[in-house]
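The structure follows.
Chain nomenclature is as follows: A, B, C, D, E and F, assigned in order of appearance, with residue numbering initiated at 1 for each chain independently.
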Amino acid sequence: MRLLVVNVNTTESMTRSIGAQAVAAAAPGTEIVPLTPAFGAESVEGNYESHLAAIAVMEAVRSHPGPFDAVIQAGYGEHGREGLQELLDVPVVDITEAAASTAQFLGRSYSVVTTLDRAVPLIEDRLALAGLSARCASVRASGLAVLDLERDPSAAVEAIVAEAVAAVEVDRAEVICLGCGGMAGLTERVVARTGVPVVDGVAAAVTIAESLVRLGLRTSKVRTFAPPRPKRFTAWPPGAAAVVGAG
Amino acid sequence: MRLLVVNVNTTESMTRSIGAQAVAAAAPGTEIVPLTPAFGAESVEGNYESHLAAIAVMEAVRSHPGPFDAVIQAGYGEHGREGLQELLDVPVVDITEAAASTAQFLGRSYSVVTTLDRAVPLIEDRLALAGLSARCASVRASGLAVLDLERDPSAAVEAIVAEAVAAVEVDRAEVICLGCGGMAGLTERVVARTGVPVVDGVAAAVTIAESLVRLGLRTSKVRTFAPPRPKRFTAWPPGAAAVVGAG
Amino acid sequence: MRLLVVNVNTTESMTRSIGAQAVAAAAPGTEIVPLTPAFGAESVEGNYESHLAAIAVMEAVRSHPGPFDAVIQAGYGEHGREGLQELLDVPVVDITEAAASTAQFLGRSYSVVTTLDRAVPLIEDRLALAGLSARCASVRASGLAVLDLERDPSAAVEAIVAEAVAAVEVDRAEVICLGCGGMAGLTERVVARTGVPVVDGVAAAVTIAESLVRLGLRTSKVRTFAPPRPKRFTAWPPGAAAVVGAG
Amino acid sequence: MRLLVVNVNTTESMTRSIGAQAVAAAAPGTEIVPLTPAFGAESVEGNYESHLAAIAVMEAVRSHPGPFDAVIQAGYGEHGREGLQELLDVPVVDITEAAASTAQFLGRSYSVVTTLDRAVPLIEDRLALAGLSARCASVRASGLAVLDLERDPSAAVEAIVAEAVAAVEVDRAEVICLGCGGMAGLTERVVARTGVPVVDGVAAAVTIAESLVRLGLRTSKVRTFAPPRPKRFTAWPPGAAAVVGAG
Amino acid sequence: MRLLVVNVNTTESMTRSIGAQAVAAAAPGTEIVPLTPAFGAESVEGNYESHLAAIAVMEAVRSHPGPFDAVIQAGYGEHGREGLQELLDVPVVDITEAAASTAQFLGRSYSVVTTLDRAVPLIEDRLALAGLSARCASVRASGLAVLDLERDPSAAVEAIVAEAVAAVEVDRAEVICLGCGGMAGLTERVVARTGVPVVDGVAAAVTIAESLVRLGLRTSKVRTFAPPRPKRFTAWPPGAAAVVGAG
Amino acid sequence: MRLLVVNVNTTESMTRSIGAQAVAAAAPGTEIVPLTPAFGAESVEGNYESHLAAIAVMEAVRSHPGPFDAVIQAGYGEHGREGLQELLDVPVVDITEAAASTAQFLGRSYSVVTTLDRAVPLIEDRLALAGLSARCASVRASGLAVLDLERDPSAAVEAIVAEAVAAVEVDRAEVICLGCGGMAGLTERVVARTGVPVVDGVAAAVTIAESLVRLGLRTSKVRTFAPPRPKRFTAWPPGAAAVVGAG
């Protein structure tokens, strides 16, 4: 089985890091293919960059020669999963949703700890649309930017642990989701300090994608995620005039 | 006062039609500037095209020399309003939200009648995120594609009226929102057949944008819609390597 | 265009103040007609007085010789808008709803800052029934009575600003609605201290009423706001036995 | 123990009928005092009349010499209960809420069958504000006016039974609440035809009021239902200028 | 009228205490029959013990020779009420629901103060399933175990009062429900310290059960609580192989 | 890895069938251990039997000598998962929740098709408590009893397919969950007739349990699912007086 794991930003080192997390979680026989979008921002920390990432991720997947069995969108709280589901028949798993869905099997409520405060509304909206917010105790921000995590992970630990502890003690979360692709290395320390299970979105997404593939399940095509209708595009994708869709 | 009214697809005739609706609703002294995105689909009828339109609308607005006092995103149930709000200080009004918000002053519940069934989930999601779904009785689809409306508006009337009547009689809607930029010409006929007020999103958005401008109100910048952080972009916008954000 | 702006209490000076706010927000060519109810309390700060105001406002409007194009009910969190909508064909705009509806175009969430703590439940209930509470971050009370604002506005500023700041910092509001007809003069100071947009309900209601009138929209009469059925009344209105309704 | 049972309209025969229902449900030793408002409509079938009834019921109770131990507001889906709770220390029981609250002990979901379609939104709003709508399967209207029930009860049975049967079979209600003061006589026939328990609001309210009194429970006065503040009234109550409130 | 009042644990002294509370609340002519389950835990403080109590309570009631007119399940936030409703035609009243339902007639919102923190989720779940959580301001825990209350009631007062005060001042509760069968003796002290009405679940349940019986109301049998279907049981009840159900 | 798969009824043939489904879904190296409770009903079709099954499943797991890595509770819409989570550190997966959680990755909404109408409320309650109902389009019943499926599976197909088709066409479900342990053999036929993905709860639960084990995740023990407190039990488990809990 081959899974595409698509970063949402253009920082190659982060793609490699996400790929390594995915490999660590994958079952024997699962091949992980990390992808970096050809255009977009070096980190995604707001709606503008996330809207751009949405379409960049789609282009990255569309231009991959294949075959692949499922796609993981490895950005936390990002736009675009719905578009990918239209374009593909194979399952698409968003790491925000994968983490929350997994957390719900482990405790009555979960919190997400993310980077910047401005990411909180995006994550809340994604969980709401995914029908996963009823048991979300809180989404908390450490105040650190995405690239701060990459540059100096050890310095980031204290801020993240502090929010995780507050989520457990104040918001009554029973599980913590680390809400950023770059936080995966912190899992053990957060477990040690909070005493609750900590879910990494990339790892959760890998096992969910593997499960869907093994069960032979694919995206429903009857309505919301039906293939795009055939139509004329102007100046898209960059450098080409194309007609896409189920023609 | 000058309002940008941005079409979400690349069909110029539809931009002109939307512009004419906006002009008809505008107060004396309001200048309407219709814009067509430089890239994207000829009609937007699903998530893939809508995600693409989101970023195309942002680029169209960013490349406009200005000045302008507010922006209207003239697509029904589309992605992207949040990104525009980050990029701009002036108000951004989405026609889906403008229509619903206006309808709520006229009756206890409203329904949206749109084109294809696959547009229904997009509209429902937009209303939910905008906090406008509590009084939404239903979102119904006529089964007509966006360009069908443009090509033969008179043939589209019956299908749309039938859904509007069902919304009033079955779903107990007290107001109808016509859920497609191209439906504006049908307003009177739907009023005549249903006996309830009918709200056109473009017209509603124009008066709301005018009101916000006249009251001196601008998008809140404290959190969700703070300007993008300065950062490096790869291959974006098409043909340039750029750093954007509050630098 | 002529708009009736109806105070909910019997204090004439407050009617004049509300009228002045409305005039300041009105477009050229809009005539503002301030009205004071013929009976009721000098200030409305609870359910008993608000229920009385509901019917006093209706009688004030019914006894106005007309014509007029829309009615604004200028009390925050009061009962009675639904009854007015039954009695009239022209639009009725409640300032609580106008402020919230306007705020939603400016930020992801809004808070209301009002006078006494006992007003909070009334405002919450009105927003809930109006379908406008999903994005309401909080309703906060300054502890000041309505007439305190009128008697000494400068002394009221600090208490109100303190709650507005808490709404932004603690409750994560991105927009503030000033929840009392008498607070309009404080708008600039709250903006200066919080850094977020501040919406005055009377001003918002004026622009919404103007918009509805200009678009030719009127209250839906198919169900909830159908005219009262013709029937016999005892000792009402005061001094007369009347039959009202669509006869 | 003495309970005031206040009709919301001015039709004396309906007050007597409500009083008889209350007597039939009362425990030995409970005295039922039926009251008719001094002003208002002969029947209450919409917001205008209901807003008027709200204040008429309050005046009827305020002008009663007392003593009494609790008050029952005997109108279905009417405004005003909150104002009564401010004016009184003794419990106030609304029959809409009493019926729903009782029904919830008997089945997983309940429906209300009322008179005119225009009463449905009022009942829905009352249940929503009272926190009793989560298990409400539907509110259905028979199409009959309030006074039709009084004039010819046997003719009303079929229409009401038909809606009750639909509530059970289509909406999956497990209990029926008869949503009009005048429907009490129909209880047995609806039970016979639907096979589910049928709750009469007046009877339910009597037993709830008795229970609250016997347990020594009174309305909470800490916030929402604190006594009105002392203040000046203009031309109210009719014929007097008064200062009311906790002076 | 004879009411079974069933303790959920096997501590006889607690059964006697619950029985005494029930007798104190009962009307003249009501006979209270306290029951202790034949198996289970000495106190119920979590899901495992509560699941066991559910079936133990059912066996206790099934093995009672009868007749009886209603059953009260006297545990706070416990599983099992639905099963009892299937087994019986007479009303079943859960004290958690009885307290909440009663509190809603006294104030706009209520809080529950219970024993251990781990009981909070059980109570929240029960209120949610019962449709009684919309007006629940909070469920707070004093940190005391069930048997602590029995062993040293006076020592428990301070912890409970402190939570009740916080519920009123921080969570804006207007009524307090004492969320444990053993807390009944504390009612007066909590009233004295908070100034709000305090509802004891056992007392509330007794008056509700009496009311339902007097009104001739019984559990709806059309769907959710239809009698168990006849079928074969293995090794149940302990010591017997039985066929139960509507045979 | 070894997974206990526990049937909720005492019918051995059904345990074998569930075990076979689990084996078919399991990864290489996963050992499936099917368990049948020592007491309870031959089929579970209502609250009484489900409450009994809850405690029977717990006893079956407690008396298993182990070791095992996770437990699957293989009944649809049953009570008891929370108790199992208290008793164990290893993950517990309920098939109702596993199916819904999996379905949400495949389409925007899902429906459950179950056996008897009386099972619908149990499934709805389980989904609500699990925070999985926001995207549930409907729970529909085929009218067939659990054992009908086992006795004559082919005869059951038509009734189940008809409900699945209605779920897709009327309720707009995009994925179907087969809501009974005995329905697994029907998956392919429902796929063929509806054109949407069909999720079998046992298979989904196996892959989720495997994923949780492989990721090293265990049930959170901080609050809701903390181990039972040590205490005295009367006559439980059958034949023994025991003290359980974290002693």
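Odds and ends about this structure:
The rule we apply is simple: a residue touches a chain if its C-beta (ideal position, glycine included) is under 8 Å from a C-beta of that chain, and two chains touch if they have at least 3 such contacts.
No experiment lies behind these values; they were computed from the predicted model shown.
Shared contact partners of chain C and chain D do not exist in this assembly.
Traced through touching neighbours, the fewest hops from chain A to chain F number 1.
Which listed pair repeats C-D comes down to matching contact pairs by residue number; over half match for A-B among A-B, D-E or A-F.
Mostly identical positions are employed by chain A and chain B in their mutual contact, as over half of the interface residue numbers are shared between these two copies. Centroid distances from chain A, each centroid being the mean of CA atoms, peak for D. Centre to centre, using the average C-alpha position, chain B and chain E are separated by 53 Å.
Between chain B and chain D, the centres computed from C-alpha atoms are 44 Å apart. Shared contact sites, meaning residues of chain C that touch two or more other chains, fall at 108, 121, 223-225.
Taken chain by chain, the contacts form a single closed ring in which each chain touches exactly two others.
Of all residues in chain F, only 25, 27, 91, 93, 97, 101-102, 104-108, 130-135, 168, 172, 174-175, 195-197, 199, 203-204, 207-208, 210-212, 214-215, 217-225 touch chain A in the complex they form.
By the touch rule above, chain F contacts chain E in their complex via residues 10, 37-43, 45-52, 54-55, 58, 79-80, 82-83, 85-87, 117-118, 121, 125, 128-129, 145, 223-226, 228-229, 231-236, 238, 244.
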